[in-house]
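In what comes next, subunit A is part of two complexes: it sits with subunit B in the first one and with subunit C in the second one.
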Partner chain A sequence: MKFIFYSVRNGFRTFMCQKNNFMIYWINNLFSILLVVFLWQQILKYSSANQSNSQIVYLILAQMILAITPEIIYRYSQLIQSGDIAYKLLLPVKFEFWLLLDTLGYSLAKLLIIFPLDMGIVFIFFPGSLSIMSGLLLLLLFPMTFVLGFTIELLFSSVTLFTYSVWGINTIKSAVLMVLSGAYFPVSLLPSAMKKFVSVLPFSYAYGQYAEVIITPTVANVSLLVIPQIIWTIILYWFYVMISRVGFKQFVTQGG
Partner chain B sequence: MKELKLIIPFFKYNFKRLQIYDKDFYLGIVGLIIENILNLLMLFFIYTLIPSLDGFTFNEMLLLYGVASLSFAIWRCLFINTLNVGSMVRYGRLDTFLLRPINVLYQVMMDGFDDDAWGDLVFALLVIGYTAVTQSINIVWVILLIILSIFTSLIFAGISIVGSSLSFITQGIADFSQIVYNFFQFAKYPINIFGGGMKFVFTFVIPIGWVAAIPVKLLINHNIRSFAFMLIVACGISVIFFWITTKIWNFMLTKYVSTGS
Partner chain C sequence: MNHIIQVEDIVKKYPKVEYNSLDKVSFVIEKGERVGIVGLNGAGKSTLLKIIMGILNPSEGTVKTFGKNPMHNRKQIAGKLGVVFGQRTQLQWDIPVIDSYELLGSIYGTANIDERINYFEKYFYLEKILNKPVRSLSLGQKMIAEFVGIMIHDPELIILDEPTIGLDLEIKKKMIDSIKNLDISKTIIFTSHILEDIYDVCDRVIIINKGKKVFDGSMREIDRSSTPAKVIVTIDNDELFLSSESYVVRHINYGIFEVEINQVTEISQFLQEVTRQNTILNLEIKTEKLERLIKSLQEQ
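Up next is the complex of A and B:
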């Protein structure tokens, strides 16, 4: 228990040390939101789709979760390139568990910085779009959403065991998330064939569907989010274990 | 002149560096192809909902996307290393550049380039070529758009220069250079969809509207005389903006204190 607390706290403090970067996170987040708001206001104005503000609030929430999901690919690659991964593998706990706790702390700190800004925008410009139930679900569903997002990142990160560098796989990951996560384009507005395709993949359950449930909080929606999240986390983690088992066997440390 | 002579040795050095992570290099190229295709797919999805966006049809939007991407790809090919100024400051590598009798900003830019951006550049040219054929755009205007992109890449360079120069006063801890990626996202869409305040900023303060939105709008409206005039204006604005940002860089460099790493 102590280990869990200290690992999360360590991640939290790592982020909080970078006070100069808070402004960067705010600006990056604000820019992403401004782009989706202006673009989708135009799209919804001229489209036959549902013209309510809920789609824009959905995109703000999806952008928020995208912003706080840790990009552990860079962390993983850094550990591999520096050779520090050897130390981490010698820890008395699983390396992945330590990484989860550390990044959880980091993401919680990021959430603390970004959450007030995003919620401020929602409450000022789109009043009445979120209920108290939405707020509760936002907090309750966050842990599982975070774990799935982490597992997706972990799976992509395992490729660095073979490539040592990260740029290529991160480009692929970003491209996949752009279309399949629902963070840039509401899943409900996708063409029907694409919507079906997205619903059988894990990415939207870590981003877009989470935002969708917060906008329309029903028991059915919650279960349609949480059950796939649990199933996909197990499947993706299993894939990660398989890949990393091979990866760690052939991996040669750079000496650190 | 000294700087020009050094371009080829710098390029050779950077290409050799790429060979260290060859698998990642190929993955990166595949990733960028996927990224570009998916970007176009997103545009296509948007146009399944609406017939036009600020008067731009799908094919016209492709032209806008192509021109903005070309300008950004040129920036990535030649000037992207300014994004690393933060780490150069943190680890003391900038001190080495300061000791050499060559312009510091030039050294920073030449010290590394984005290998897979060349693929992006080819993809942007293909998109422009495709839309030129489908929209029956004269080859002369296409060549002028390419020249325009070379100039407007200086706008992206200027943004990253100002962003990275903040590293000098924060010892590399805070680095705003990545903000250039945000501006690229705005450059891909018609400037009129943003509010009045943002439109003003993107036209007169941080002139990313000139990268593609303003010239392409005139071109698709067949306002050729205005288009030709605006091309000259856009090139002038790009050079002036870049010049101003280099002055800011030089001023901020005087505030630099080495970390001693």
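Up next is the complex of A and C:
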């Protein structure tokens, strides 16, 4: 328990130590929301007010979870390039578990800044969009959504064991998330073929589908989110283990 | 069983590399031994250490650390192991040193980390650095913080890979003193390019060259070896008087001479001679036995 507490606390403090973080994340999140809100207001101007509002709240929630999900690719690659990864591999705890807890602490600090801002926007400009049940699900479904988002990041990060082109990997990841996560384009508004394609991939379950369930909280919707989240987390982590096993073997042969 | 490490005929081959990074290396390290592993860059030291720690698997041969295969029992062995890799860090960059220590203590299940910190307080002024973020520490302070960090869980086996690299003389001395004064039950493996440090800390040396173990013996054996020595003599004028012509004398600076003596055993005779005929301001004897031994082994 102490290990969990100190890992999360250290991640939280890391964010707090970087003084400019508050302003950067606040402004970044605000601009992202303004952009998607104005864009989608134009697109949805012929829809009913109810549908339009719920889609915009959906996008605000999806942007929030996107902002909170840890971006570990740069951190992972820094550990590889500096060789500090050797220390992490020699710890009597799983390196990935420590990284999950540390980034959870970091994300909780981000949540502290972003959550009041986003919820403020929702309650002031779109009153009545979220029920008490929505608020409850927002908290309850967060851990599993976070774990899936982390696992997706981890899988992309493992590629840095084979290449130093971190920027390239991060760009590919961002492009994939932009199209397939539902954080920029609501899944329900996608053409049916595209919707089917997105539903068989893991990305929307870590972002868009989470927002969808909060907007329309039904038992069926919750199970259609949580079950794929668990299955995809297991599958992606297995892929990560396979890739990293080969990657670490290759990496240590480079000496030093 | 007192064998902490047992290495038997290990070979490490890397793909696309013509020679073996390690070639039939065998040795045993007992509990409480302080062993220096020495060799040039690329000699195979790091590969050997990684195999001992369980990060790498040997291509052939067997290795046991604490009686177990380290590759398959890495997490178990990690609890008894403390490692310093010079110029690499396990401390978290942005947060105070004490936060990293608390995390390390929780990982290893250390009951009272204050006790461990107090133990090292007598060597280093830890109070000054504990509450500072790692990024604001000097290189010396970082190395100290790193060293104390690996000692938080009081490990049985301590592997120090170039721990004094880049340190100034004062901090280096403090670190060497603290290592020398560790409990005698601790097993230490020390690698350094500064052979003087190896001489200070270790009682046994293993020399690796091109993947092969070329020497494995005690410091006494090295001391007994007949190797040349150098004496730096500082006198009150610029002319050194010596009656014997068997010494090679090199003028370094005004009043400072470097004298090469063929055998260490001739040092006392030389000292008598030099003090009789000159006014000595300072004398410094450099035996460089370890350096000479490595050089001669490499030449072979």
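Following the convention adopted for this analysis, the second predicted complex is superposed on the first by the 244 of 256 C-alpha atoms of A that agree within 3 Å, B and C clash if a C-alpha of one lies under 4 Å from a C-alpha of the other, contacts with A are read in each partner's own complex, and residues count from 1 in each chain.
Convention: a contact is a pair of C-beta atoms (placed from the backbone, for glycine too) under 8 Å apart; a residue touches a chain by one contact, two chains touch by 3 or more.
What you see is a predicted model; the values in this text were computed from it and never measured.
Once the two complexes are laid over each other on the shared chain, residue contacts for A:128 go to neither subunit B nor subunit C. Of the two partner chains placed by the overlay, only subunit C lies in contact with A:93; subunit B stays clear of it.
Residue contacts after overlaying the shared chain place A:9 against subunit C, while subunit B stays out of touching range.
Contact with both subunit B and subunit C is seen for A:18 once the two complexes are overlaid on the shared chain.
Touching more residues of subunit A than its counterpart among subunit B and subunit C is B.
Once chain A of one complex is fitted onto chain A of the other, the partner contacts of A:179 are limited to subunit B, with no touch recorded for subunit C. Once chain A of one complex is fitted onto chain A of the other, the partner contacts of A:47 are limited to subunit B, with no touch recorded for subunit C. Subunit A residues 18 lie at the interface with subunit B in one structure and with subunit C in the other.
Considering their complex, residues 14-15, 42, 46-47, 50, 53, 55-56, 74-76, 78-79, 81, 83, 85, 88-90, 92, 94-95, 99-100, 102-103, 106-108, 133 of subunit C touch subunit A. Residue ranges on subunit A touching subunit C, taken from their complex, read 2-3, 5-7, 9-10, 13-14, 17-18, 82-84, 86-93, 98, 252-253, 255-256. Those residues of subunit B that touch subunit A in the shared complex are 20-21, 23-32, 34-35, 38-39, 41-42, 45-46, 48-54, 116, 170, 173-176, 178-179, 182, 185-186, 189, 193-195, 198.
On the subunit A side of its complex with subunit B, the touching residues are 18, 20-21, 23-24, 27-28, 31-32, 34-35, 38-39, 41-43, 46-49, 159, 162-172, 174-176, 178-179, 184-185, 189-191, 194.
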